[in-house]
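Please go over the structures that come below.
First chain A sits with chain B, and in the next complex the same chain sits with chain C.
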Partner chain A sequence: MVFRARTRSTEEWKAVTSAISTLVDEATFEANIEGISFRGMDPSHVALIDIHWPNTTFESFECDSAVKFGVRIDELLKVIRRGEKKDSVEMSLAEDSTLLVKMHNGYRREYKMRLIESSASATPLPKLSFNTKAVLVAGSFDRILSDVNIVSEYLSIKSEASAIHFSGKGDSGEAEIVLDPKSEGLEELNVKEQSTATYSIDYLSKVTKAISTAGGSIAAEFSSKMPIRLEFRVMNLGRIHFYLAPRVQD
Partner chain B sequence: MVTASEIKARLERNWIKFLNDNSAKLSTTTLSGATPPSVFVGRYGYPKVKVGPMIPPLHGDTKILDTPEMWLGKSLEEIVNYRLALVRGISKVDVRDVSGRYVESLQEVAMTNKSVESEATLEKIPISDFEQERDSRFDTDSAPFGPAAPLKNFRTSSSSISVDQRIEDAYYDKDLSASQAIVDLYLDGVHVSTLHRVLSIGMLGLKKNRRLVPTRWSISATDDIISAYLIRRIDNFSTIDRFKIYKYSHLGNYYSIILIPDEIWSFEMQEAWYDENNGNMQIGVDYENANGLDHYPSIAGAYFAARLGVAEHLLKIKHKAAALILREIHPEYVMPVGVWQVREGLRRALEGLAKQVESFDEALNFATISLSLSKNEWLRNSQMYKSKKEQLRITDFLMSSTRRA
Partner chain C sequence: MGLDLRPLVEASSINITELSEKVIAIDAYNSIYQFLATIRGPTGELLANSKGSVTSHLSGLFYRNVSLLAENIKLIYVFDGEPNYLKSKEIEHRRHLKQIATEKYEAALMSGKYDDARKYSQATSILTQEMIEESKKILELLGIPIVQAKSEGEAAAAYLTKCGIAFGCASQDYDSLLFGAEKLIRNVTISGKRKIPNRNSYINIEPEIIDHKFFLSRLSLTREQLVDVGILIGTDFNPEGFPGIGPKTALKLIKEYNKLENIEKIRDRLPDVPYQEIRNIFLRPEIPEIDNISFNEIKYEQVINFLCTEKNFSIDRVTGSLDRLKKTITSRNQSLERWF
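Take a look at the complex of A and B:
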């Protein structure tokens, strides 16, 4: 069995591991000839992350048979964070159930990490059709969440043909941010049907902060009272989908 | 308006007054008796804390004086008398100093499974010493204590020392983490109250991490560690198929426990304290979802003691469930006796027969019918109910036909 994957910088792994770390303590990655994937829900089953990182996006990628490997995600994140931005990262599996992480760019770091038993059962994806799609600059979405968060733990999103409203209401007052296609930060708005739904800011904010340090944009898709799906379009990372179940209020 | 914590604090002041008036009056500074075994670690002045053995003026088997597992069914008066009989000899020790001769002599005592004949010389005649109570107004986790005096000399009769092999093994394993040691010993059948003691006197954990742990903290920590372990274990089981309600009352505490069929762990405990000033009840609530507890519970050690009782039961029946605990504290509970009564009360409740029903509404009706507060009041304070009602799950959308009610 051979598995060896190399990226040109630490940023990709940093984005992937920090996104996963917002949901779970232990993660099982699957590698096969096509690339690396991860899918998992948080213990409360409120959020799901679905990642597919195709072989073509790596500087080099070798995997001769499908393999699963489990890691304690905060430990992997700690290792990755030791690397400099411009370090190349090579991950490989050794015979003795360890993951080798080599980072170098002049200075060479090599870590050998003990793998954990991968317990994860297959996580199916929710079946959804989306009536609204908004593409936002990642930093702009993060700013909306922080703006609303000072009055509420929940974000309500209402879409109409020409604008999208983000709002929150709490004991201290209310907040509303309206974006239309001319607004800074909104790259695209596509509304098939007006939609209204409410989501926990805590979940949205953690994952957005984890990934958006890498910049890029976020495609947010949702329908009334249905889960929202955030697609993080960063670097050269293939698919990072984050699903969050809605809140229902009277 | 007074809060539940203030009512608790008021009860505790009753207790202090009672102790002041009723503590055993020893007339000498020498004390001879069998320690149950029992040791005490204070928290006032941390990290320099008062540590010492607890010795009654009684010989032979005194185990019952410091073994809450044996107290179920006893009256408040009996329990208070057990505690008043224990005299604390105290000496100040830095919590990091777990290998000094004095602490080692206490560890030797804590390692035994039989009462240990001992002699203590005190610097003065023991009097009530309530530093613990004074500096911890909102915390009534440990069982109450009797009189105390500074210790001059402490000796045990080595012939009466009978070592518990399981504890000795954990003590000498200095590469074993404290949490792992606690879980291993628990699974080996060591009493939870014994674990509180050995953790508190610095006998468990990696060599470099060992330290004395104030008795109160050691109780919450132990209950927390064991129940967290059990909750991970039960995750692999299937869920119970109906709502189950269990009840128990003792010492003026009324419990209703609802086990809720759910694939995902969550836990809530509500405590309603009777306010003698106006006859109202004041409620304290703590809740955790499957992501775990994100704060130290406002109801303190009672939370972990109850969680342990529930998790233990679920492991025994090999099922998972969410749990809602309702506790009402009536005026007969004139002084708090420690969270052991929550743990043991729940253990006993869950050994009983359950009422089984099909819906949460029916379960709550049955659970609250024997309590003073109305169903709606409990419901209004329930974060668990609010969260279950308002936050949907990804798994609700896997197939279009299986929406959760």
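Take a look at the complex of A and C:
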């Protein structure tokens, strides 16, 4: 069995591991000839991350058979964070069920990490159809969340043909941010049907902060009282989808 | 007092939030007895209202269920029916233990040893018909469905997991595993901080889960063999078990000889034990009537009426708990499971 994957910088692994670490303590990655994937939910099954990282996005990728490997995600994140931005990262599996992480760019770091037995069972994907799609600059979405978070723990999103409203209401007051296609930060708005739903800012904010350090944009898709799906469009990463169930509304 | 399987069991701890949206069948008598044992005053007296009627069971059922409902756990309480006649020896034994505990409790009270009194009091609890009726009433007002077993509650609860209605059974006893419960969850109704008897320290009790299939495969036993292991150790239906055979020996014997009938050293005693009947109790329990299980809305007004007006509970505490629950329910985050 051979598995060896190399990226040109630490950014990709940092984004992936910190996103996963917002939901779970232990993560099981699956590698096969096509690339690396991960799918998992937080313990209360409110949020789900679905990652597929195709072989073509790596600097080099070798994997001759399908293999699963489980890690304590905060341990892996600590290791990755030791690397510098421009370090290349090479991950490989050793015979003694350890994960080798080599990071270098002049200075060479090598870590050998103990793998854990993966207990994860297969996670299905929610079956959804979306009536609203908004593509936002990653930093812009993060700013909206922080703005609303001052007054509320929940973000309500309302879409209309020509604008999208982000709002929150709390004991201290209310906040509203309206974006239309001319606004800074909104790249695309496509509304098949007006939609309204409310989501926990905590979940949205943690994952957005984790991934948006790598820049890029976020496609947010949802329908009334249905889960939202965030697609993080980051260079050199395939698919990162984040699903979040809505809150019950009065 | 239930079957001693503990030495053979490896439970994994589980966070109560992981039970969100799951249906859990609770062994009602088991949990009410827990409340009667633990919800007591400093000298071991049961909580009672100004009219002198006991309220420990209602207090436990109300506050505990409110917090489980806030976690969005769907509960079904399963009540015992008529006990099997084979259980009479065990029931007599329990009555005897309660009597002894009651005598010790009273003696400790008389001599002013209040710590001892509190300790002995825990084993004195008697569940009256009135308490059972009141328990059913508060559950109904909280919108929690009740299943009445014809005989063993744990058998009916296990059945609910087998037919897919419930995710797991909640009980402190391991008997559920013999009845074939898919998952046994312990400490559901008692998790949290608990005082260690006789010491001034506390431990944090967390829920733990035992998966039936995993448990059997780890021990490489069939369900039939597990029942035989139980009979060797001693179940509620043959409480004395077999002399000199504890959980570990029992496991070893069944693994070596496959079933009770083949074990040389119990051959003399085995005919005195109605083991075929006991096997049937565990492996072929009667099926409860379960046509109308529905998780209902909480009747807030009526809960307040029952607990505060009839039972003299503090209106501030009760309405405070209910208000928090109401707020949690109306702003709850749903789970993705609905969309799978």
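Keep in mind that, in the parts below, the second predicted complex is superposed on the first by the 250 of 250 C-alpha atoms of A that agree within 3 Å, B and C clash if a C-alpha of one lies under 4 Å from a C-alpha of the other, contacts with A are read in each partner's own complex, and residues count from 1 in each chain.
The rule is simple: contacts are C-beta pairs under 8 Å (C-beta built on N, C-alpha and C of every residue); 3 or more make two chains touch, one makes a residue touch a chain.
The shown structure was predicted, so the numbers you read here are calculated from the model rather than taken from an experiment.
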Fit or clash between chain C and chain B when superposed on chain A: clash
First, second, both or neither for A:Gly106, with chain B first and chain C second: neither
Touched partner set for A:Met41, first chain B, second chain C, both or neither: both
Touching partner for A:Ser200 - first (chain B), second (chain C), both, neither: both
Clash-bearing segment of chain C relative to chain B, given 223-231, 277-285 or 313-321: 313-321
Interface residues of chain A shared between complexes with chain B and chain C: 41, 43-48, 124, 126-128, 200, 226-227, 243, 245-248
Footprint of chain A on chain C - complex, ascending: 15, 17-18, 20-21, 329-340
Chain A - residues contacting chain C, complex: 41, 43-48, 124-128, 154, 200, 226-227, 243, 245-248, 250
Touching residues on chain A, where the partner in the complex is chain B: 41-48, 124, 126-128, 200, 226-227, 243-249
Complex interface listing, chain B residues touching chain A: 263-266, 289-292, 389-400
